[in-house]
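What follows is chain A paired twice: with chain B in the first complex and chain C in the second.
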Partner chain A sequence: MTGQRSAWLLIAPLLLVLLLSFVVPLVLLLPTSFQEYQPGQGMVAGSFTWENYLRIATDGYYREVVLRTLALGLGVTVLCLLTGYPVAYLIVRGHPRWRLPLTLLVIFPLMLNLVVRSFGWIVLLTNRGVVNNLLIDLGLIERPLKLMFNMTGLLIGLTHIYLPFMVLMLVAALQNVPRDVEAAAATLGSSRTHVFWSVTLPLTAPGIIGGSILVFVLTISALVTPRMLGGPTYQVMATLIYDEYMQLLDWPSGSALSFALAASTLVIIWISSRMTKRWAGMA
Partner chain B sequence: MSDMKPTLPISIVALLVVAFLQVPVLVVVLTSFSETSYLTIPPQGWTLKWFAEVLSDPVYLRAIRNSLILAVSSTLLSLVLGVAAAYALFRKAIPGAEAITALLMAPLIVPSVVIGVAMLQYVTLVGLRGSFLVLIVAHVVITVPYILRSALASLSGLDVSVEEAARVLGADGFTAFRLVTLPLIKPGLVAGALFAFVTSMENVPVTIFLASARQTTLPILIFSSVEMGVNPGVAAISTLLIVATVIVLLLAERWTGFHKFV
Partner chain C sequence: MSNLSLRNIVKRYGRTEVVRNASFQIAEGEFVSLLGPSGCGKTTILRMVAGLLEPTEGQIMIGEREVTRLPPNKRNIGLVFQSYALFPHMTVFENVAFGLRRKGESGKPLEERVNAALEMVRLGGYGARFPRQLSGGQQQRVSMARAIAPRPSILLFDEPLSNLDAKLRDEMQIELKRLQQELRITTLFVTHDQAEALSLSDRVGVMHGGVIQQLDRPEEIYHRPANAFVASFIGKPNRLQGRVEAGTVALGAGLALRPERLDLPEGSAAEVFLRQEAIRVLRAPEPGALAGTVALRAFSGPQVQLVVRLAHGAEIVVEVPSAEDTASLAPGEAVYLAIRPRDIIVLPQGAEP
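Let's turn to the complex of A and B:
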């Protein structure tokens, strides 16, 4: 049939672009991660070593950065879930007239340039920033709190950046909850709170899991916000990769860290998709 | 009767969270009008001098131009390549369509910084470092999943018989697509293109590894100037971006009911 040939013609240009400028570059990065690096001389041609990967697990500094990145991912995910659920609930179950304005207010930060949003948090959180000035003026503190270049700043900033994703996933999940199941539970004598914890919340589990995975993966791969709010000293995996390529020029080590980061996101997404499939099979 | 409406405390918490989402935006806008050379709230006096300063700075102007050229060309290229591919995948004439879709969506899953370093090594290897075309292609890679996703979603909601009717009435394949299918999937494509454009406009992790000094884009410029310290010029250019975003979002909402596509 001619259908098949024309279909291949339609898809070939994009496939070619993806192969040449996405797949091939990634494949070529792999050998780099097994090469030896001599400071001042660069990569040692023809060398092979596991050292770049071993270092991530054994070296104290690398291990600290990896653990910090994972802790950050976990913290941001929990914060997004706790703050996002009420918003999604209000959007879906609140007055219909509020629905559109609230949705637009959630989407708006998402569409706004990431660099601008992070810059906003710098203005708020620096030593002589808006938050500290306000607290000092109110007499609540005497000396500025350290809100940047540490976990606090990154948690606040990244929660703000990824919260819209969580809200949108939860909105979709809440819309799929059949109202008559809740009504049935209520008719059978359940209190509001009990209906929520035993019916509504479990039924939105797919959205909770989906949103959490998304936020976690985005957080551990984030470069811009961690660098802008954490500076060059408070490193996470993505900022360390950036420095190894741009400052230290240690490409083997940077590429090993890149594969470690990419592998962790892929594994997390793979496990979660298996989990959801199993759940769907059980229901 | 419990109708599961949000209680007052829940509503208040939710509204506070929505307000929290807007705080950095308001702060940036307010500080950009302050007369002081440091950032402060409430602003000390009102002035437009930071806007004038930024808009007459050739470095900023070139970065704005670079960003716009890059975003427009990569979005258009993504649109053409992505819609063609989605159309082919949708008709399912291709064996392994599912695997191909997964490959085309993969740039969303692989961390951008990893795509960035992989492309840096690759273009250094093939000797194309510093080429603007490389930058455009890199942006196609990271924006095309958005086009593809919205095109596939729009196509799947389509009644195939409408296009077949056009074919029966004598239209060739391309004419039937252009006159029948394309107008029907247009709202979805506009939303996808908007996402692609925004993604290209704000990208740092891929661009920063590939752009030469002359090719610096606006987000890269803001990103690196913040490392030197914050100043009201950055607040002014940020305010301009905020205003542009509000306008584009409201227009998109009017034209396509944008929030349905997010």
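Let's turn to the complex of A and C:
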């Protein structure tokens, strides 16, 4: 019993902070999301409506933003995984001399302010930006590519920003793969490639799923970068929620969107943790 | 199945030589152990045979095929690790099937061979379980089944019993012996446990400092150690200093031992190795027995250990079965130690560690 009590005491501070700063506001927000909104007057007191939630699913514009956000999350996650795995593999399995420089290189972007990094991408990606100018000067293209205010820009910017998280998760997972197990597969007739696909990759599944959840959740809730690289017109859910609250003062609609975003996040985390267990054969 | 031969194998890391010019052959179906303290290079040799390390110099042949630079997957070997190294994400069945699938086996024949291998290590019916649901001993048996199922030409063991507790280790040792007799696969076994090496092997190679000191039948290793290292590493020997005099080794204070074999020149300094278990303890004098007094007595269940101080001051440790009358000898009492001439091992002094 003492064990259990001290366990509660140990997590109490964090629990309290979460309760006050997260759960309570969330519960307060819930009724708001069911209230009617009259443009110019604000919320209608004592009203109850499903309209705010129905609109997310039925209204073409909202639906497009939701799907775009999910597609963006998926895209950034896949890109981070594909580009991050080789880097993590090199950090863990490469020459020890390269470990520190590579790790620093991965972490370095985290030391820069988010706004600065996003501005950097704007400088690179705009119509008269570095990338387009270079390509035009080289004669590879005639007119500038559209790299901003669309999915391409957001994918590039967000992948860059969230790659470190993915790499760090994968490094931890790869370090946990026993070399003997890989050697065992090799002695049993597995080529290097087959060892990777049949042993290394499945054994890093927890890291892959963990990193993917992290990147996905961070991506679909990202505000600053999508706003800067997407502009005022190319909206994702986070920027839309921001606008509903701050520009239109439509709190009910913003709250409903927030809940929809949180709910879809939870569903995705749940599904992927089920997938890990099935894939890695671990409980 | 085929023989394994190593020719002048050298492994260097920078300037340190971990294995120095190792050459030996294992005949088809033979069981050879490499025995030595940690860091003696035995595991390095095994990993080079497996293809997990590349030798700096020399050649490794499996049968007629040179495999020195081949990757492990092209060598047709089975390796059993100290850490078991099972695939945690696969069932026991899939673990054992892994090597067979790589050889293109599938369907009914695959199933039969996996089950036969599991049967052989007495784990039939465990196929659907995951490694983490098994005990250490069971996991090691799975890893043996996994190694033997694809019928490798060479079987390698890297300290396979070291992670098990003492009781289980004895059981597994018997299991291994049985398996080896049934399969007769050419086997290289690496261990630091001499009882394991001596009881399992056809021949034992004792290693020290990257050099194979002696490679011979277990009886030879035990009774006729080639040098001081082997003599002091195997068994629980007492070491005494002496000088060769007229067919005996004189220890001082009138004490002398008459060994069966004495190849050293008259008058040279000699080192005598007497195993604790080869010394008989007597209460009454006997011709050739060494006189002394009991200095210490320690009871350890089946055995009693006596520390006996000889007339010239040197101390000898002897083991007496606790059922013997002499087991009750107390410190201060006079004793006589009788040693059969063939159990007296004499080597030149100062040759080795």
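We adopt the following convention: the second predicted complex is superposed on the first by the 246 of 283 C-alpha atoms of A that agree within 3 Å, B and C clash if a C-alpha of one lies under 4 Å from a C-alpha of the other, contacts with A are read in each partner's own complex, and residues count from 1 in each chain.
Please note the rule applied: a residue touches a chain if its C-beta (ideal position, glycine included) is under 8 Å from a C-beta of that chain, and two chains touch if they have at least 3 such contacts.
Given the structure is predicted, the values throughout are model-derived calculations rather than measurements.
In the superposition on chain A, A:Pro202 makes contact with chain C only, not with chain B.
Counted by residues of chain A touched, the larger count belongs to B, out of chain B and chain C.
Judged by the touch definition given at the top, the superposed model places A:Tyr234 against neither chain B nor chain C. With both structures placed on the common chain, the touch criterion links A:Ala186 to chain B and to chain C.
In the superposition on chain A, A:Tyr62 contacts neither chain B nor chain C.
Using the contact criterion defined above for the overlaid structures, shared-chain residue A:Pro13 touches chain B, although it does not reach chain C.
Look at A:Tyr162: by the touch rule set out above, it reaches neither chain B nor chain C. In the overlay built on the shared chain, the residue A:Tyr37 is in contact with neither chain B nor chain C. The contact surfaces that chain B and chain C form on chain A in the two complexes overlap at residues 186, 191-192. Within the complex, the chain C residues that touch chain A are 50-52, 71-73, 75-79, 81, 83, 85-91, 98-99, 102-103, 130, 132, 143, 146-147, 150, 156. Those residues of chain B lying in contact with chain A across their complex are 1-2, 4-7, 10-11, 13-15, 17-18, 20-25, 27-28, 31, 38-41, 81-82, 84-85, 87-89, 91, 93-94, 100, 103-104, 106-107, 109-115, 117-122, 125, 134, 137-138, 140-141, 144, 173, 194, 198, 201-202, 204-205, 208-209, 218-219, 222-223, 226-227, 230, 234-235, 238, 241-242, 245-246, 248-249, 253, 258-259, 262. Put simply, chain A touches chain B in their complex at residues 1, 3-4, 6-8, 10-11, 13-15, 17-18, 21-26, 28-29, 32, 83-84, 86-87, 89-90, 93-94, 100, 102-117, 119-124, 126, 128-130, 133-134, 160, 163-164, 168, 179, 182, 186, 191-192, 195-196, 200, 217, 220-221, 223-224, 227-228, 232, 238, 241-242, 245-246, 251, 254-255, 258-259, 261-262, 265-266, 269. Across the complex, chain C is touched by residues 178, 180-181, 183-192, 194, 198-199, 202-203, 205, 280-282 of chain A.
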